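Both complexes shown next keep chain A, but they swap its partner, so chain B is in the first and chain C is in the second.
For the complex of A and B:
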């Protein structure tokens, strides 16, 4: 998605200047994935106002989900007479003996997965009087996904710089190559139909309008649309099959999504300057042809603290955000075994009925004696969903199929002129 | 976190876990009321994950279909048929056919209708023992020969029950192993609750190292180690479920002809077979032979370990 704003603000100087921005994002979903994302950006600002910036980012995604088993508490079996430990045990039935103890008797068995994503972004812009063109390029790669993209933007400042019009376009050429191969959709996930790369093309466009209404107040409206074409299915996601009478899960099939998606959104934002503080308010409305619609309301209040023990130019910025989403037309919590299988279907909760509420705050300051600016942003996100849909059977009625998820994130950032 | 589709994360199948031990992947999950394991000799973690998933799914499928405890499945329908004929699908017919063959070849010692005896025997380590009259009464509802079985249909007199618990796990092991073997050439070992099947040997000509559980200290130590390249192992014994009578432990496998637990049964008998269901049947029968277990297994010609 293209943003209406451009590059980070850099102090102008006659000889040009450079700036380094480094940040570390720590993100964790309770009981689920954890992400560590360090990024580094270098920006060079030239005397004529031209700027060039490059950013390198890494995403380290890990999951260490306990399997529910408890530590055995007993040391691994040792065969009298020495030799290597056994790998597994045979035993009479009636309570176990199926496996050897884990190598470390105190360890909790977990499902581990990890993925590493590297991304490189380059951006350039140059003002020519009232017109400012900008270009950007993106490349990222991870174990099962590659993305190459470019975007171009043009800003026009009119009416004594009070109004800015922006138009932009972007394209992305992504490829999905799932681990283990591409699964046959709507089947048990053991059938692999190939190991080729599955392309996904995204073309997007945006227009934006921002207006300074008074010394204190600036508003903006953006609209964007994008068309996605190609492999849009989540390669590892499955839909559960339920027994028609008991509701117990008896199997699962791989999901399948349409090969095209038209997305639109509009973003309305307002920035209001009080005496020293700033109030940011925005609303985004999104809709697409998969049936997903969403509303986001975002509120930030930047409170200037001035000089504090931590440093000067300190500020505290609390943040509130509320997001609601209606599910995709083909979203389902599960399928009753024996019922006809639709051509497209998914149980991915990111396409389901979803609400999230975010509460967070950012603390920023410039440390004494250094030119660098620090900021720490902490956020708590709670994700809700409608966990008791009408179409489930049997025991599934008793389960909350969409339990709330607690998510926390922490961003540490440091900016310094070079 | 709204990001590009690239941040997709494989789902966690139930409570299964995948860890690495030396050069093999070990997948674990719970099914059929037992700890289940799949060991795969590969360096490819996503292959291991996929195979674990295959094994777990098959274990749950077999359990759902043949467990005595699930309402609505074929076993439930047969056990509540009140003498009416019940038609069988191919898989159930094959499994019951196997049970019928075992019944015949063991002269009635192997009998899947003996499950009703559990009504009067509770193997919880206590000393409750039923009376002769109670046993005689229940024995009236035991006997595979009473079942009419023809043309893919089964007719069972009211009051009788079939219980596939004695071969269900072994069958699930064989099925899971077949599904895994169709998907990889890597050596693997499938172990559901102590009944296992392995192909191999592992890379470097290394055999699988299987321990026989010590019946005195179940789950804690191996009494003996079997090094095997390939084959199926099943163990019968009384280590965990027993009744005390006059201070003697009576194991939980009942002689379907007498309705009583076997006396002088070996503590633990492990048999190596070509399939898990074969190994399981032989170890159960050997156990039922009591003092004659060793003789019986020598006649069968299958490798065995009696502890």
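For the complex of A and C:
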């Protein structure tokens, strides 16, 4: 699911108008994944208020990601005469190449990978008096994943346009085709059970309500649900087996997740206009039948700078976001060798007990002599979890199994009427 | 539905009713100057918002936004 794009506001003229929105994301995790993501969107606004837009995006992803395995607990052997002190590991999507375990016996093993994703999105909407229908379509393809989806939304403005009711639905017909074939779940990752595409279907629905409370204040409440069916397992992740006494890793098995997931969330938002500045505040509560629950608090403060050396209509918008998540029921850092293997289990840290703190800011301005608007957004993200679980043994108790991850992202965006 | 989920839905419903009640105090057309500004939106930067949602969708176990649909990826 559900990488929503949203339609940008387009300046309207009596004979219609067009707008170009371009952006570039530079994203990097310390010692892990790097992403470069350019996107281009063209929007055409017609005199009757109808709008049609198309967006093309690319994701260039390289680097490393945790494999799900525990630290080996064994210092790597010293190679006589020097040389690279590494071990190769199975590569993730993108095929070819190998990974390496770090020279630290307590470091989290990672797998190197590279991938390229292309995505195309089309959106249309048209107001019919108080009712505005919208339609959208999506197609994306990467080395081991394809997504085809569509969505429809209907908005109704009532009570002198002070209240807006929205309802929407979407579907995705995705397919997963892991590099090297699909691994047999809960077994040695070298056992391949096939090379066919594994379907994954997502159906979602949303209802929303927004209300203008005063000249300066509007609030909104959204509720959504989605049902996922099919291949939901992460094809390259593994779960380590620990020696019952020493805690040293003695093997690993592929993970296995349920074939169905019901997700729910409520999103409450507030936008308040001060004398010149604007305060944006939102809270999202999420829960699903995998046992994951989360709370997200997001705060932005748009401070108007007016005319500066950079240009006119400048603003600075600090951003704070805090996220907390409880683990999935079947999440585990590792299994003790000889213990019963559950039918479903995963060591993917994204399903574990984690927190994310974000601190950033956006600088926006319209450069002198040009009609376009620039936005520069820089953010620092720190993700951390509870890395000392009670179900590990031996040497694993000495390691932080969820060390903090430092992430930086920079977005350059430019919007210009055509 | 779990007790906690019921509490969240009840809180959202309460806020909805409260908002409806407050909205009965009409905002006249000539008082909507601020509301007409482009930045008075739940997603004032939709391009950056979409980028953010992709990042957090890839790094966390939750989903959910102002919109519905969109596309999937192998990133989660």
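Everything below uses one rule, namely that the second predicted complex is superposed on the first by the 363 of 418 C-alpha atoms of A that agree within 3 Å, B and C clash if a C-alpha of one lies under 4 Å from a C-alpha of the other, contacts with A are read in each partner's own complex, and residues count from 1 in each chain.
Everything that follows uses one rule, which is that a contact is a pair of C-beta atoms (placed from the backbone, for glycine too) under 8 Å apart; a residue touches a chain by one contact, two chains touch by 3 or more.
This structure is a prediction, so every number in the text was calculated from the model and none was measured.
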* To do: State whether A:415 touches chain B only (first), chain C only (second), both chains, or neither.
  => second
* Quick one: classify A:213 as touching chain B (first), chain C (second), both or neither. => second
* To do: Check the contacts made with chain A and report whether chain B or chain C touches more of its residues.
  => C
* To do: Figure out whether A:140 sits in contact with chain B (first) or chain C (second), or with both, or with neither.
  => both
* To do: May I ask you to decide whether A:378 touches chain B, chain C, both, or neither, giving the answer as first, second, both or neither?
  => neither
* Does the superposition put A:180 against chain B (first), chain C (second), both, or neither? -> first
* May I ask you to decide whether A:266 touches chain B, chain C, both, or neither, giving the answer as first, second, both or neither? => second
* Once the structures are superposed on A, label A:299 by its partner contacts, choosing first (chain B), second (chain C), both or neither. => neither
* Could you tell me if A:117 is touching chain B, chain C, both of them or neither one (first, second, both, neither)? => both
* Asked: Looking at the overlay, what does A:26 touch: chain B (first), chain C (second), both, or neither?
  -> neither
* **chain B and chain C contact sites that coincide on chain A, given as residue numbers** => 27, 59, 61, 93, 115, 117, 140, 142, 144-145, 147, 174, 176, 200
* Asked: In their complex, what parts of chain B are in touch with chain A?
  -> 1, 4-12, 15-19, 21, 24, 26, 28-30, 34-37, 39, 46-47, 49-50, 53-54, 57, 60-61, 64, 70-72, 123, 169, 179, 183, 189, 191-196, 208-213, 215, 218-222, 224-226, 233-241, 252, 268, 270
* Structure fact -> Listed in rising order, chain A residues that touch chain C in their complex are 1-9, 21, 23, 25, 27, 37, 39, 41, 59, 61, 93, 115, 117, 119, 121, 136, 138-140, 142, 144-145, 147, 149-153, 159-160, 162-163, 168-172, 174, 176, 200, 202, 204-206, 208-216, 218-224, 226, 263-269, 271, 273, 278, 280, 282, 284-287, 292-294, 296, 302, 323, 325, 328, 350-351, 354, 356, 362, 364, 375, 377, 381, 383, 407, 409, 411, 413, 415
* **Residue ranges of chain C in contact with chain A within the complex** => 2, 4-5, 8-9, 12, 15-16, 19-20, 22-23, 25-27, 31-35, 37-51, 53-57, 59-76
* Structure fact -> Touching chain B in the complex, chain A uses residues 27, 33, 35, 59, 61, 63, 65, 67-69, 74, 77-79, 83-100, 102-103, 109-113, 115, 117, 140, 142, 144-147, 174, 176, 179-180, 188-190, 200, 232, 234-238, 243, 245-246, 248-252
